[in-house]
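Order of writing sets the labels: A, B and C. Residues in every chain begin at 1.
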Amino acid sequence: MIVLCTDFGLTGPYVGQVKAVLAREAPGVPVVDLFADLPAFDPRRSAYLLAAYADWFQAGDVILAVVDPGVGGPRAALVVDADGRQLVGPDNGLFELVLRRARRTRCWAITWRPAALSATFHGRDLFAPVAARLALGEEPPGSTTAPTRHPDWPDDLAEIVYVDHYGNAMTGLRAGRLPERAALEVAGVSVVRARTFADLPAGAALWYENANGLAEIGVNGGHAAEQLGLRPGSAVTVRGA
Amino acid sequence: MIVLCTDFGLTGPYVGQVKAVLAREAPGVPVVDLFADLPAFDPRRSAYLLAAYADWFQAGDVILAVVDPGVGGPRAALVVDADGRQLVGPDNGLFELVLRRARRTRCWAITWRPAALSATFHGRDLFAPVAARLALGEEPPGSTTAPTRHPDWPDDLAEIVYVDHYGNAMTGLRAGRLPERAALEVAGVSVVRARTFADLPAGAALWYENANGLAEIGVNGGHAAEQLGLRPGSAVTVRGA
Amino acid sequence: MIVLCTDFGLTGPYVGQVKAVLAREAPGVPVVDLFADLPAFDPRRSAYLLAAYADWFQAGDVILAVVDPGVGGPRAALVVDADGRQLVGPDNGLFELVLRRARRTRCWAITWRPAALSATFHGRDLFAPVAARLALGEEPPGSTTAPTRHPDWPDDLAEIVYVDHYGNAMTGLRAGRLPERAALEVAGVSVVRARTFADLPAGAALWYENANGLAEIGVNGGHAAEQLGLRPGSAVTVRGA
């Protein structure tokens, strides 16, 4: 399975061209759109989302992850093996939390280059053909390398990293790392923990462990991000214990 | 074929995770995204859309239908067989109109539970694995049941239930049940029937039988919902005969 | 491979129903969503996008292209063979630039009609079944014809034709036809050429040859369309040489 995690957007021709390359070069391999809307131009916030969601996939799955504001510049192109999942994308921090949380990692710098490489669309021209090869069981077309690391980034990010279409706001905090009775303070409001929406009255705000382990803020039957004024980058403070 | 009808949104990781489960558990079965934008949190309006669109599919097709504001609460999980189409989703009225319009129905309460069941994402953890099994020809993993019925809901819903990206506004009324010369009154404006956009001058409002049998309000070359101030829930009155 | 280029929108049931038809009638053939958001009701601007993007596909690929404000009216339905790529859609100018730029073209009027043809959704009822047949290697189900031509349309369109989700604004101008040192003037601002975003400081506007050969206007790390006030139809003037 090849999993797409990008900031290419749902609209426009970008994801489609990537999938056309994959259909040509890895015919019969299922391709799944996970995110086309990772935080645009923002590898750091994207890295916390990617780590939470990549972990749900399985050894043998290939994750094509592209949030790449430096495309066409000098940043390297990577293949990362994290506990058997293979990730392909730019060396800009996008894999920092995947690398930090995996038990066993290996990393390659992609040295292969396609016959035609556009300046602005390495997702289609470079990363997709490499993902196709990996999905077919080939070796990473490059040499082992040490990726650029970001030791100053925290293990969990106390910010909103994503707002979904219901208005639920995901944080970069793993719920399992928070005190059981912690409240999350966002935009001056303290939000208590609950198990699921159905446990609270309509209109009440809650935080809960989402289905991929992140602490997420919602409103039962409402749009939490609008109601509380949250967007990617909004600060979150952990209160109590 | 497995058909996805949800309010999970086009953005974010929800539909992708459902499709990853289907690709793992029912490899080779085509999966079609029909709606990711059924009216959110609103099984009642969604039920009229679902009935109109499910009817277009064929015996043997499996429809994964999830609009589930009560996820994690006590509502049951259902498999419905309606004239050979199988539908999987929550017992909250979403299947009411499918059940009412089918000639032959059977219903099962899903008693199978996955090893890991999140509190907020039964679409991925419960309904998708069941849909995969059904698509592979297995029996519903549960026991026959009588679904919760909603006899107070009308046979046709005189409201806007969906606005598409052109601005065309679908009603919950089946066009075939309306008098041939009926006008539809919405937001104080009376709209006459036509066969298709090309039959009217640019800028004119019309209602027509859409390609799935619903009465739909459009404006030739324009955005009917903006022009007439329509949104899901707007009342529709049938005038004349 | 069947490639979808439509103005059907990402939301709603239209693309899904087309894909259900393709899954039924051309099982196993990969289907790629390229554009669901071609300029709505606008075959002319769509034609410049389609020509730039269709060219990237290969002989044997089938492109289902539907921007069809005249659906249900008298316009013909076409199959176009352009250097081995086959395109299916309405005879309304959508294929004008594909026809003009191909070395070898043939054209058929589709005379086949399905058992049930809706008035408003020929994409599903007529064009999709024909695309499925072509993808399976069958002959176009019609007779050779001369498509309606639009000799007054320019070879390159000095307008914005598409804004992507990053805010980058594609023009209808092929970059390879512009003088090397040309500037593009849009909304009173002169924008210089660069190779890629990484070549300019953050916040700077540039134009560049996009990955499909069109001249495109962007802002490094920013949203060009908002910053410069651009939308489909905005005029572009080529300055200098």
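Here is the rule we use: a residue touches a chain if its C-beta (ideal position, glycine included) is under 8 Å from a C-beta of that chain, and two chains touch if they have at least 3 such contacts.
What you are looking at is a predicted structure, and each value in this text was computed from that prediction instead of being measured.
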- Would you mind reporting the rotation angle for the C-alpha fit of subunit B onto subunit C, rounded to the nearest 5 degrees? 120
- Same vs different contact residues, subunit A with subunit B, by half of numbers used: different
- Just how far, in Å, is the C-alpha centre of subunit B from the one of subunit A? 30
- Message: Can you pull out the residues of subunit C that are in contact with at least two other chains?
- Response: 10, 37
- Item | subunit C - residues contacting subunit A, complex | 1, 3, 10, 30, 32-37, 53, 56-58, 162, 164-166, 195-199, 208-212, 221
- Query: Any idea which subunit C residues touch subunit B in the complex?
  - Reply: 8-17, 19-20, 23-24, 27, 37, 40-41, 69-73, 118-121, 124-125
